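Listed after this line are the structures, all set down as structure tokens.
Look for chain A in each of the two complexes below; its partner is chain B in the first and chain C in the second.
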Partner chain A sequence: MPNRPPGIGRAALMIARKDLLIELRSRSAIFSALAFSVLALAVFFFAWDPTAVGSGDLASGVIWVIFTFSGMLGLHRSFGGEQPTRTIDALIAAPVAGEAVFLGKGLANLVFVAMVQIVTLPAAALLYNVPLVPVALPLAGVVLAAAIGLVAIGTLFSAMAVNTRLAELLLPLLSLPFFVPIVICASQATAKLMAGRPVSDAADYLRLLVVFDAVAVVLSTLVYPSLIEQ
Partner chain B sequence: MIRAERLTRTFGARRAVDGVSVELAAGDCLALFGPNGAGKTTLLRMFGGLLKPTGGTASIDGVALPGGPEVRAKVGVLSHHTLLYDALSARENVEFAARLYGVPNVRAAADLALQRMGASEYANAPVRRLSRGMQQRVSIARAMVHRPGVILADEPFTGLDASGAAALASLFAELRDSGATLVIVTHNLEEALSLCTHAAIMRNGQVVRYDTAPIPDSAAYTALYKEMAVDA
Partner chain C sequence: MKISKLAVVAIASVVAVFIRAIYFTPIEAKQGAAQKILYVHAPSAWVAFLAFGLVAVASGLYLWLRDPKLDYIAESSAEVGLVFTTAVLLTGPLWAKPVWGAYWTWDARLTFTLVLWFVYVGYLVLRGAIEDRDMRARYSAVLGILGAALVPFIHLSVYMFRTLHPMPVLMKPSAPSMPPVMTVTLVSSFAAFTLLYVWLLRERYKLAVARDAADHRLYGTEGAV
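Here is the complex of A and B:
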């Protein structure tokens, strides 16, 4: 039977599975991200004056600062992990489209960010005494939509920065300006939901996030193959 | 079949490969020799679609390089890096490659490739725990698991002990005899000359000597190589 290389979707799933398996074995990035998240939550909590700022207002900002910076740890590992033995060359030489490599990396990063969010969000709700259960569904939508945008942009810049000597410095420098619109929308929507406002109040921000996601995912996927052409 | 015409690659002002022309048919094996920095690896990376030529043309089976997935499916790349994931086992690495190349029976193909390189006994060990020689055997199994029609090998004998080198030489001979085209970059003249149908010496990005069968014997070629690449 002749070999039949996988299409973009299947190849992306294979690459994502491989990345997650490696992370599961090493647990280096996820432990760093979780440790950072818990420490940052504690620092913000003890610096908080409840008489000056309402818990819902502060929690939303704290959560998105933590998601943004803890996600960066996973994003750097995404392509940085392919460098020591040049396994990226094996991916480029394989009969799969460059888009599949990008989408696979992005998918693995999304799972990584989601894992951090799953731990951080309830912890923040507990510390700041904000109700999560009544707004769980719309909040999950906001968190997922923002995570997709952050991951799409971060994965692209991770690929761009990895071949430079200052990759760890360059990744946040390149990514953060593009994260700003996502984080603004996400924190606004989160604040409204945590304050008990109707979901319709957050709907505009959610729509903006979805539009931003669509643009970020499509553009990043299309741009990535030109980055790997040397 | 590999064909290159005046293939050139520059990095800034430096011409790493300078107007190299080569034509290899099915069953041909080219051994590329030359001192460090001669342009051998750059030439190999262009054949493998890992680098874009800045001048000239190259093709595999008539498709211009760097080509697309259909060309890459026919090529097996063996680099001087292992191209292996340290956290995965030898088998997982080879199976991952087999899946990417769409090999039908992944498990059986991976087992066979590891067995051919005498790596079955440590198939389940994480690659990071293997010696450099063992990793090289797994790396070869990874590159050959899809039975490529074109094999591009950069220093494939590095780190291998006598039995590993013999297993690799036998695998290369079998692939060559079954119609695969091989390009082997190496400093190991004796091993490569016993396999190859063509031999070339590169210096400063250019092919300074090109032989087709019958190639001078190992001792004569070593003297030639010393004269053209080392002493020049």
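Here is the complex of A and C:
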């Protein structure tokens, strides 16, 4: 096979594979994110008076606060991990499009966030006594749609924050305002589904999430190359 | 320091509007004197959106044309816009306490303004955290564009969120049409604040240019350390 540089899709998959392989071997970030998530579930339970608010009503809000912050724990590592040995320079110099670097990083982050969610959701259902099985499918849709938006924005800002003087301190400051629409839609949709309301009640929120995802993914992929030009 | 004609006109018109608002505009029957804060609040909100709109336009043009002047415009407009947004967020609660009975409610428009305020605080913090001039311009242009793209989403999501909750009893969205004497004051306050914005923007732009020239002399092309 001649030495042709890979196309955007294949290059993105290779970069995602590289990041996931590093994570799989060290397992440091995923364990700390998982431990954080389950620990936060336990801590949040005591933040409200259980006689005033039923634990089932708290669950959706708690879940989304946790997803927002545990996501950010992993996102900084995405570009921060390239920093000590400046391997990001090799990625930029590699004969692949800048968009591919962004999509690959984003894909790896999406897998990371999804893994945290797959563990946290059942744990939340268990600890907060919420029936999960009947709404599993629509809920998975909401969670995935929100994760895509969180990851697109978070990956882009992680790429920016890592090159600034403030590094990881800047990431929450930049991303949280952008997470507001995601968290509003996702937690409201989750609350409706968990309360046993029909899926159509959550449809408006899900629609807005999907539109947000589309805009966030397209826009951040397009602007990313202007972050890495030298 | 030389005082520009624009400065004189801008400050004089704001003073004139305030005099008209305080002495020559009647007190609203139900809200009392608190209503007069509208003549600061509403034009500030108008200027804030104008300013952030200009940030987005200048940011987009910067990524295309790479003219440092566009970056100075975006920086200046973001900073001036943030000042006016702060004025909106401060005057709002002052009015809301006597009229709604609470300084803050999570009403759609309030939440929207607060989130927007945080976006541009982030924008200025980002600028301050990057030393390389070219990189700072590119990064903040990206954020300036994303900030504008976020606006419709915050708008929609906070409106959807609000509709789930009953509205506070005191706060109703009905805006009774104003008597002409108040409308004239309000419209002239918009004009005066726009002049104020243009003047402040121009001064801030001059500062950005001067600071960059100074950095250039001190540190070479790399910008400030």
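Following the convention adopted for this analysis, the second predicted complex is superposed on the first by the 227 of 230 C-alpha atoms of A that agree within 3 Å, B and C clash if a C-alpha of one lies under 4 Å from a C-alpha of the other, contacts with A are read in each partner's own complex, and residues count from 1 in each chain.
In this text, a residue touches a chain if its C-beta (ideal position, glycine included) is under 8 Å from a C-beta of that chain, and two chains touch if they have at least 3 such contacts.
What you are looking at is a predicted structure, and each value in this text was computed from that prediction instead of being measured.
Novice: What is the contact status of A:Thr87 with respect to chain B (first) and chain C (second): first, second, both, or neither?
Specialist: first
Novice: Is A:Pro225 touching the first partner chain B, the second partner chain C, both, or neither of them?
Specialist: A:Pro225 sits against neither chain B nor chain C.
Novice: Which holds for A:Ala97: it touches chain B only (first), chain C only (second), both, or neither?
Specialist: In the superposed model, A:Ala97 contacts chain B only, not chain C.
Novice: Considering only touches as defined above, state whether A:Gly61 meets chain B (first), chain C (second), both or neither.
Specialist: Neither partner.
Novice: Contacts for A:Lys18 in the overlay, against chain B (first) and chain C (second): which applies, first, second, both or neither?
Specialist: The first partner, chain B, only.
Novice: For A:Pro5, decide between first (touching chain B), second (touching chain C), both and neither.
Specialist: The first partner, chain B, only.
Novice: Where on chain A do the contacts with chain B and the contacts with chain C coincide?
Specialist: 229
Novice: Contact residues on chain B for chain A in the complex?
Specialist: Spelled out, the residues of chain B in touch with chain A are 48-52, 66, 69-70, 72-73, 75, 77, 79, 81-88, 92, 96-97, 99-104, 126, 142, 146-147.
Novice: Residue numbers of chain A touching chain B in their complex, please.
Specialist: It comes out as residues 1-6, 11, 14, 18, 21-22, 25-26, 84-87, 89-97, 229-230.
Novice: Can you check the complex and tell me which residues of chain C touch chain A?
Specialist: 63, 111, 115-116, 118-119, 121-122, 125-126, 129-131, 135, 138-139, 141-143, 145-146, 149-150, 153-154, 156-158, 160-161, 164
Novice: Give every residue of chain A touching chain C within the complex, in rising order.
Specialist: Chain A residues touching chain C: 153, 156, 160, 163-166, 170, 173-174, 176-178, 180-181, 184-185, 188, 204-205, 208, 211-212, 215, 219-220, 223, 226-227, 229.
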